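Pasting the structures in now, so scroll down.
Paired with chain B in one complex and with chain C in the other, chain A is shared by the two complexes that follow.
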Partner chain A sequence: MNRRDYLIRKLLLSLVTVLIVVGINFLLFRVLPGDPVRAVIGRNVRISFETQAALRAQFGLDKPVFPDQFLDTLGQWGRGNLGVSWSQRRPVSEILLSKLGNTIVLIGLGQILSIVFGVILGLLAGWKRKTVIDIGALTFSLIAWAIPTFWLGIILLAAGSTWLGLPTGGIVSPDNAGKPLYEVLPDVAHHLILPTLTLTILYLGEYMLIMRSSILEVLSEDYILTAKAKGLSYWQVLWRHALKNAMLPIVTLIALNLGFTVSGAIYVETVFSYDGLGKLFQTALIKQDYPLLQGAFLLLAVSVIIANMLADILYTYLDPRVKTI
Partner chain B sequence: MFKRNWLLSLLLVLTVVLTACGGPTTQAPSAETPSAGQEGEAPPPAETAKAVVHFGWLGKPDTLNPAYAFLTESYVIFDLVYTPVTTESPTGEYVGGVAKSWTPSEDGLTWTITLKEGIKWHTGEDFKASDMVWAINAIMENPDGWAALSSYVAGFKEVKALDDKTIEITLEQPIGNMEYRLSFLYAVYPKDFEQFKTPEDLQNFNNFDIVGTGPFKINSFDKDKGILVLDANKDYFDGSPKIDQVIFQTFDNADAMVQALKVGDIDMTYEVPQSAFETIKGFEDVNAVSIPGRYFTEMVINSVPADHDPAPTGNPALADPQVRLALTTAINKKDLVEIVMQGLAITGDTIVPPTLGGGFWHSPNIKDVEFSIDQANKILDEAGYMLGSDGVRTKDDLRLEFRLQFPSDNPIYPRMADLMTGWFKEAGIKTTPEAVDPDSLTVAMTPAGDYDLVLWGWGPDPDPDFILSVMTTDQFVDGGWSDSGYSNPEYDNLYLQQQITVDKTERQKIIWQMQEMVYNDRPYVVLFYENLLQSYRSDRFKGFIESPLGIESVISMLQVEPIK
Partner chain C sequence: MSERWFLFKRNLLNFWKTFRRNRMGLLGAFLVVTALFLAIFAPIFTPYQPTDTIRDENGRGLTFAPPSIHGPLGTDDAGHDVWTQLIYGARISLTVGFMAGFIAMFVGSLLGILAGYFGGWIENLLMRTTDVLLVIPDLPLMLILVATLRQLNLHVSPIFILIMVIGLLYWTSTARLVRSQVLTIKERQFVARARAIGAGHIHIIRRHVIPQIMPLIVANSVLILSTAILIESGLAFLGLGDPTQPSWGTMLNFAFDRNAITNGAWWFYLPPGLAIVWVSLGCVLLGNVLEEMLNPRLTAHHLEGEQKIHPLQTPLNLPKPEKP
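Up next, the complex of A and B:
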């Protein structure tokens, strides 16, 4: 099978996956106990039974789940409309877009920094195995990987705001609200420091550990011995022969993590009151806001699938074996 | 050769690592410097020229459209931007909002409302009686659209303006809590709302450019960023605010908000987590306020009548009044307050907390049973429940073994359940604590009646009507508020009667009687009333009014002034 056929097959499989996800998402939220109307209006609010019924009808909840509600939803999506959020009363696509950028900036920065540092640390540790560098890097990575997100975030927030005067939350200082983005860019960057640092530390350990074990495995291969025997320097051995092969597991991991980037980092976003998708998912679930939930999970599913496809494509370049399967 | 190369490579890698490591550290100051510069330049003029109160909270308004606003945060903003007809005072009486006076006719069927002088919209136009009439009529004509407010006009027959300053409301039957109802009828700006014809269009309107007559006017609301800015309305008819601006900032995390208070990013917050209260008390220049509040926590005892459809699955032993009494006697409310609530609550007895109406509605006639395990044992002995070899009492087919469930979203319940299970055990009652997702618990309780004992809480309205309605038979249906399944025709009658009793003392008598019924029948065992925990920085602003209305009330925000 050549590369083109391989990609077409992957693409078709991805489409099927999206369709299955859409179906499951639709059913999943409707299986949850509770009444969306009650979830939207909350406890302690008096609303007459008639008005509750009117809202239920407005949301289409008075119709049978299948086929009516399902077909309505599919029809709406077919017209490229994700619907209107019940709790926020705004178009779902508008809500998702407003958060998507923020999340991509935050998680993207965190991912890039952790990949760079994680890979370098992993390489260094694997290469200098059983030295102080290795043990130090290994200990640090294990700790970083094991730390609870929430705890690390709070500690960094307390320390950063007390000693460095960094903001305690949000995307921009309240006093700068409403100003155009280019004017408040430094302020936005200021607000990004602590959440990015938290994310970097959290992801770094995983990348480092995978990179280290991967490079160790590669370094024990015969062809490395051959390369060394040819008289190549360690740096050349590492760069030309070891790194490319050792990167394979990392590519998988990056693809997986990037896919989930869109789901946001619920904990980090919550600790730093950062307006992103993770937090949105959580509130949509609490409010049982079906249109918002369905839209959000569609976005999540599609991005995970795209990320995996990209990884598959990348594999065909990194690993010649793949396209011949 | 080998060695040199090794060193060279190490050097290279080190350089890469160091420059990379340098990334964030050089980035941090570079990002910080411009913004620090900005803080150094922008705020001084802002701070010297403007008195800005930074207000931190854990939520944000769902919308600024009162037709479809369900979150407390929205109502905090409505109270500051709009003016209702009447408004609650810190002592629990009602005072005028836009109204100067409001008087019922002899038969209670007609209310005449006279408006205050000199009221202007934020746009500068005069506010007229016809505007207020339009606002009330809008709700009456489109109750499904005005979902959040329609219950306040239920039973209104006609509303009309007699002249520019006088309004007349005709009712279908007298309304006992008219003053309270009027406190939710806001002077909304007709031009903002008249274009919406269907309920859905009206509800989709976010009204972020809210126009009112209140002491503050909207500057901006960025819902995504969670930043809402209000400017003082210097032309407010009841005296201008002493501050220039209030900025509301949303925190998704209580610990972060407490930290913001500590470092001075915010000046006040109206919701301090109980666990942080002691810590905040220790902060420099910060006042921590603990005021008796409206929220209560109760133990629900399954009271669904056995012949109810669907049939309840609660333990039938709970129908025995002596079992209920024994359960109540075996609960040490003082310990719950001291241990679980860290003293930030007062022990409770009735479903109408003593803070409602400044204490006017809370029945003084209830003598709460004293905690005594011995007494609980004695009650059960006398009722014929004998201790089995497994330490659980039984009588014929009845076995005193109950589920003790609670919603999983509040950390106080598991601690309460543990303590209570210990006390019950000493009385020969076995309870099994279980955390349940709140939605599942609601479904299990109403109207299925599939539970024994449940720990939960309520935050009643300022008027007792709502919390009293929770105990009526009509509410034990899908979408209703009753979870105990309590059904008492006499109580239901009294409920209807208090609704149409305009004389306050008469209504008080009925409401006391209703509380006593609930207390004695025990569908709820009210455990404690939670305090309202708030906090503000004392080094920048003064004048906050600490009352059950909270430091964020209109009356308080009108008094707040900068120090120097």
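Up next, the complex of A and C:
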């Protein structure tokens, strides 16, 4: 299979996955008990049957569920119209967009830090195999795996706020709310420390493990032997020959981990009352705000699917072996 | 019958001989067995019921009492004994873990065997389904599934919904693993011979395929168990547990919502988390050791020449499904 066919296949698979997500979203919304019209206007508002019927027609609820309502909904979602939140009475897409930036900052910081430290520590562990560094790294990743994210967050929250005086949650201190960003930047950074630390510890273990086994595999390759035989120093071998090749699995892992990253954000934002998509998702869940829940799910799922596809495409350029699969 | 029993006993004994020399495996087994023991015999280890309110001499409820004042682990915001909550909560957490793990293992093994053995459209369907499930973020999917199912008046307990949703979403890794093993077993000579003397598909699957992959399934299901327990704790923490039957995750949800952290009630929020780590760590250690001992891929066969995968290259085979 050449690269073009491979890319087309990936594209088709992503498209099918998006359709499945949309289908699940639509279906779950339909099977919910209760009347959507009632849900929008509120339970205790009195309206005549005629108005109800008019609203029904306006929402397209008088048409058959499939295909009319489905295609209609699909069109609405495609145009970015995700309905109105029941609890906030604002368009869902507007709410989602207002939280997106905060989450991207948090996830991005956590990912970057864990990749940097994970790669360095994994490299050391693999290079110094069976030493204290290696065993320590393995033990760390094992324990990091077994700890629930939210509990790690709770512990760091309790420890950080009691002993280090770090803020317990939110994005800025209440006094600084509403001020322009550049003025409160130090305060924002202060609030980011604990959530970022939680996410970093959470992701670090896995990157470290993958890097370790990847470097072990690369070090047993013939070209490493050749490089050593040429008389290159340890660091030259490691830097020029081993690291580049060993980094490849990390790229795949970043993509595969995106779903995992999203769940990390939901837990960490909940624990630290961080005003992002994850916290929004949890609040919508508790308030049973279905349009908001659906919109958030759609946004999260579609972005993960697209990011996965992009990573697959990127991978074909990074690893020349993928050209002909 | 007696001969098979004898063989089984001998295999078990051999297994134990190797196993008991493995310290990691023993530690894992210890962690899991103690948790199971406490959960099963919970009433023996505590004089209270989880719903009992602990009172002081004046008859007032003891809320947020530290361990120095009451019991081994103090009381929570409602005056319930935390130790009692913990060991009764173990019942819920472990039940969900075991049942969901069992469903995932059963569905995964069944689909894996069918796909690996028969190939064709079943295999295609399985592989595409796992491709799709792999890229949909699990937690949001589970959250909206559980939230919707709870809204429908199904007259089932929230615990049952959790079991079904976790079990029916986490079979993919088992299915892929089993499929790849069945693919190699299918090509072995003894299967070809059995087929040559006229054995049917069902006979081959029952007598040749299943016994070969069973050890692998057992090892894998221990790993799935830890994932299921972690996921349950996460969903319960986000408020999807059953408040009338609190699991460890529900306890943490209560502790967080009712300001145990700002009250400094560490005895309320530390033990449930430690219990989760205790069990999931135990399962991962046990599962890894079992897999190392039982996985045919990792042990060299004397006829297969040089071994390709060095066991130290994959010392920690952590289950891939996302963790909470």
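By our rule, the second predicted complex is superposed on the first by the 250 of 325 C-alpha atoms of A that agree within 3 Å, B and C clash if a C-alpha of one lies under 4 Å from a C-alpha of the other, contacts with A are read in each partner's own complex, and residues count from 1 in each chain.
By our rule, a residue touches a chain if its C-beta (ideal position, glycine included) is under 8 Å from a C-beta of that chain, and two chains touch if they have at least 3 such contacts.
Quantities reported herein were computed from a predicted structural model and do not represent experimental measurements.
In the superposed pair of complexes, A:51 makes contact with chain B only, with no contact to chain C.
Contacts of A:294 after superposition: chain C is touched, whereas chain B is not reached.
Once the two complexes are overlaid on the shared chain, A:158 sits against chain B and chain C alike.
In the overlay built on the shared chain, the residue A:177 is in contact with chain B alone; chain C does not reach it. Shared-chain residue A:270: touches chain B and chain C both. Applying the stated contact rule after C-alpha superposition, one finds that A:111 touches neither chain B nor chain C.
Once the two complexes are laid over each other on the shared chain, residue contacts for A:13 go to chain C alone; chain B is not touched. Using the contact criterion defined above for the overlaid structures, shared-chain residue A:28 touches chain C, although it does not reach chain B. In the superposition on chain A, A:281 makes contact with chain C only, while chain B stays out of contact range. Taken together, the two structures place residues 32-33, 154, 157-158, 161-162, 168, 270-271, 288 of chain A in contact with chain B in one case and with chain C in the other. Those residues of chain A lying in contact with chain B across their complex are 32-35, 37-52, 54-55, 58, 84, 87-90, 98-99, 113, 116-117, 120-121, 123-124, 154, 157-158, 161-162, 164-172, 174-175, 177-178, 186-187, 189-190, 192-193, 196-197, 200, 233-235, 238, 269-275, 279, 288.
Put simply, chain A touches chain C in their complex at residues 13-14, 16-17, 20-21, 24-25, 28, 31-33, 129, 138, 141-143, 145-151, 154-155, 157-158, 161-162, 168, 206, 209, 213, 216-217, 256, 258-260, 262-263, 266-267, 270-271, 281-282, 285-286, 288, 293-294, 296-297, 300-301, 304-305, 308.
Listing the residues of chain C that touch chain A in their complex gives 128, 131-132, 134-141, 143-145, 147-148, 151-153, 226, 230, 233-234, 237-240, 249, 252, 255-256, 261-262, 264, 266, 269-270, 272-273, 276-277, 280-281, 284-285, 310, 312-316, 318, 322-324.
Chain contact summary for the complex, chain B toward chain A: residues 2, 5-6, 8-9, 12-13, 16-17, 20-21, 23-24, 27-28, 31-36, 38, 42-43, 46, 52, 54, 62-63, 68, 70-71, 143-144, 147-148, 150-151, 154, 199-200, 203-206, 219-220, 222, 224-227, 229, 247-253, 255-257, 259-260, 262-263, 265, 437-440, 442-443, 458-461, 466, 469, 477-481.
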